[in-house]
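This is the structure I have questions about; it appears just below.
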Amino acid sequence: MRDTRDAFHVAIPTHDLDTAVEYYVFGLGARLARRYPDRVTFDFFGDQLVCHLDPAAVVPEPVAYPRHFGVSFARPEDFDRLLTLIEHRKLPVFSGPALRFEGTAEQHRTIFLVDPSNNILEFKQYEDPRLQF
Amino acid sequence: MRDTRDAFHVAIPTHDLDTAVEYYVFGLGARLARRYPDRVTFDFFGDQLVCHLDPAAVVPEPVAYPRHFGVSFARPEDFDRLLTLIEHRKLPVFSGPALRFEGTAEQHRTIFLVDPSNNILEFKQYEDPRLQF
Amino acid sequence: MRDTRDAFHVAIPTHDLDTAVEYYVFGLGARLARRYPDRVTFDFFGDQLVCHLDPAAVVPEPVAYPRHFGVSFARPEDFDRLLTLIEHRKLPVFSGPALRFEGTAEQHRTIFLVDPSNNILEFKQYEDPRLQF
Amino acid sequence: MRDTRDAFHVAIPTHDLDTAVEYYVFGLGARLARRYPDRVTFDFFGDQLVCHLDPAAVVPEPVAYPRHFGVSFARPEDFDRLLTLIEHRKLPVFSGPALRFEGTAEQHRTIFLVDPSNNILEFKQYEDPRLQF
Amino acid sequence: MRDTRDAFHVAIPTHDLDTAVEYYVFGLGARLARRYPDRVTFDFFGDQLVCHLDPAAVVPEPVAYPRHFGVSFARPEDFDRLLTLIEHRKLPVFSGPALRFEGTAEQHRTIFLVDPSNNILEFKQYEDPRLQF
Amino acid sequence: MRDTRDAFHVAIPTHDLDTAVEYYVFGLGARLARRYPDRVTFDFFGDQLVCHLDPAAVVPEPVAYPRHFGVSFARPEDFDRLLTLIEHRKLPVFSGPALRFEGTAEQHRTIFLVDPSNNILEFKQYEDPRLQF
Amino acid sequence: MRDTRDAFHVAIPTHDLDTAVEYYVFGLGARLARRYPDRVTFDFFGDQLVCHLDPAAVVPEPVAYPRHFGVSFARPEDFDRLLTLIEHRKLPVFSGPALRFEGTAEQHRTIFLVDPSNNILEFKQYEDPRLQF
Amino acid sequence: MRDTRDAFHVAIPTHDLDTAVEYYVFGLGARLARRYPDRVTFDFFGDQLVCHLDPAAVVPEPVAYPRHFGVSFARPEDFDRLLTLIEHRKLPVFSGPALRFEGTAEQHRTIFLVDPSNNILEFKQYEDPRLQF
């Protein structure tokens, strides 16, 4: 298990701060924490996501591998709720939901999303949460 | 606060899986969770880090912004311990440690590391942990 | 102790949603959760604050009693950090910081703030956190 | 998530302290913490509610918006139990229970109560507790 | 460690319910939970204390052993705070504070109080909290 | 909720220390913590029970009120498990299991046991755990 | 309950460090923490397992009693998940799964595994988790 | 971190059950959970220790490596308290206390004890608790 008081920190590029707020807060349900001229920070599922205004670093086409980030849920109902939110809010799905490593101990559900700056997000839920690492 | 049972998930490229294990496990003190021909997964400070074997995606020179990841520690002693580990194990420092946003409420210490595949890591510790997002 | 997963909910009037965001997010360090044409919701120190757009309900002058809301911190350092943030960000103080019920078991520090819509906030820290109720 | 050791603090007017105790303790199941000539304090679902004796501040008619307070439960069974208690103890319902934001990700059940001094309380339960803010 | 959600339950006699409320709530800082014609219940340091109206069962003189109840604090500051509250509120001390089992691994501080119905309370704090059982 | 690290403390008389160990450890499943010539201490459901050797204080006949102690379980399965243990180990039941305050918000299941020194224990489980105080 | 931050520590012999890593990490799903020429350490279900390279200490035939170690799960689904993993990864079973102490309060499921160095592991799950000690 | 509700399980031989109880309960401060003709079980620092009556399996001389077990404390004060208990109760020390891996990130204090059946126990405390695995 991880410590409740620390936060994971991930920083990614965005082509536009307002669009990032629109997607992450009003789309994915993250919370806007701070905003500066060159970046915006979010409480993203309890961890810290920072979107830096850096259009040059935005990739022209979204690519799932190797760079992406997201959450591995311990409980299936949390994954289900995310699927519901994606459907209700019509968030663009990059691929999935799908079952990966099927028939093995590390079998898990996964869905890939793409944000408006072509960053890829992955959400997962392992049948055996002990194997989520 | 974040949920203890979920895990943040971040995936990055590596040019060599053995080197990634060497750096993350025997360097930073992450724990090796799983290994496949094309990837290796770690329990990285309680969250999941995946290094995908993808030499083509490795950038030729490390660049701090916008893409990096790491941990924002709630307690100063945890940041201090990481500095001690970096010193003892002679991990390459990209920049810092430094004080950022000095003289503001969101003042925090920060250090940037670079892994053997030119991925940038940032570790932080805010004076006011409530502002870590 | 209270349950970590539930949230207290408090709703107050505001004369302007943007001003409310400015004050609560960029001032007090709350996080913007959702925004609708007639209201904005915040993760306010882990609980839910909703500001309803209702200029008619805004009182012409701030009055400390009887209506106000805020946080009673269990640890003195959290109260200190809030004082630091108030100073750094020059948030308007309505009264205090002061020591209340001095020389009694329920002695506590307190500070009253006023938001841009004349709502009063109170933050407290009891010497004996068991008496915070 | 919120910190278990801190307490949210909300203060409201009452026209009569005994009536407030009767309603909040023997009605809603809060616990009486302290009593002074001009106020009474409660452990209200793990947070602090203070009723100030201030008949002049009591509104003549209860109005649901914008000022109210209550609890957003993370688990549906806690909302159900409150409905049962309301029924058993015949607490006056202002409106509901109702389903709000139906068909959206933030869909939630809600019920409004009115205390003997015309203060409005709202209890909620979101289908997706992550969106309770 | 004990479970946060369960409650220890202890029931004792009282010669008068009002006096019990006066002592336990306004004296020791417990919280009044429920009241019936023949009993009153308290949230006593997070556990449940019930005082039954039963004057015949009240002993004529308080006797420390063998029947008493109270709390064993894990942290010295909580014991200190109780001593402060006892002093401020002039609660009658039966004996102590004293050091018991001095010079042994199970050395602990202890204080005995007596309630208005001659029930004895003991509060303790072990130097090694692992030995509090 | 109560603090996980503190322990409730209750002391009762016994006519025989070995019998107390037999009943509380091998009967109720408490754990023997310490033993002295005149007393024995237990980790009793996470709290501290002390049996003092004091045959003169043992009452000749068990009486349920007003003096007894036990646990109020938050979850129904824990009460069920205790009933199973009582049946398997043929522990003497003083009365119950029964439903108390039926048809009210504070409805709960209860069972009274009697230990070999005529001390009465009560175990309870409220339908609404918030009302366990 | 046990403390989340401490770790149980168990040290056993192995005839070969690579084989130990293969079995514990890629078999049982432990995580490799550190490796030295003469030992390897694991995060084994949240506790520390150390395999010392000491072929002479390896027993020629696995014997279940008296020396073995493992985990007693509080929740049945965690035991079920381990059975699934054992089946998927074809880990050698020494005996079981079986029901032990059937028809008693301490009834529990158990399975014994044997590692490549003839060390015996036992995993258990009690119907009444309070009796897991 | 580990799960609070699961328990590590370790089983070792003893030449005499009474001696094992004497050492583990009245010496090390473990708690006696259950006793059978052929074994005795303990709540040992929150985990389960079982001593099987098996004199033939007891080794003639205590040997520190490779087989031993114990606790790795996250907090230095818990290690200090154990040293105090060892001194007060004159528990036989096999070696230490000593500093291991001095001058490295994984530096830790350690002490080895020997139980009356020649089983070796090790207690540790890492300067950086993140490296306790």
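Worth pointing out:
A, B, C, D, E, F, G and H are the chain letters, set down in written order, and residue numbers restart from 1 in every chain.
Simple rule for what comes next: contacts are C-beta pairs under 8 Å (C-beta built on N, C-alpha and C of every residue); 3 or more make two chains touch, one makes a residue touch a chain.
Given the structure is predicted, the values throughout are model-derived calculations rather than measurements.
Following the contact convention of this document, A, B, E, F is the list of chains adjacent to both subunit D and subunit H.
Comparing the residue numbers each copy contributes, subunit E and subunit H share less than half of them at their mutual interface.
Taking the mean of the C-alpha atoms as each chain's centre, subunit B and subunit C sit 35 Å apart. With centres defined as mean CA coordinates, subunit G is found 31 Å away from subunit B. Look at where the CA atoms of subunit A average out and do the same for subunit H: the two points lie 43 Å apart.
Listed for subunit H are residues 1-4, 29, 31, 33-34, 43, 45-46, 78, 131, 133, each touching two or more other chains. Here the touching chains pair up as A-B, A-C, A-D, A-G, A-H, B-C, B-D, B-G, B-H, C-D, C-E, C-F, D-E, D-F, E-F, E-G, E-H, F-G, F-H, G-H. Interface residues of subunit G, counted against subunit H in their complex, comprise 1-14, 31, 33-34, 41-43, 45-48, 51-52, 54, 57, 65-75, 78, 106, 122, 124, 129, 131-133. The part of subunit G that touches subunit F in the complex is made up of residues 1, 103-105, 127-128, 130-131, 133. Subunit E makes touch with subunit C in their complex at residues 4, 29, 31, 45-46, 78, 81, 84-85, 88-89.
Chain contact summary for the complex, subunit H toward subunit A: residues 1-3.
Note for the complex: subunit E touches subunit D at residues 25-26, 29, 31-35, 43.
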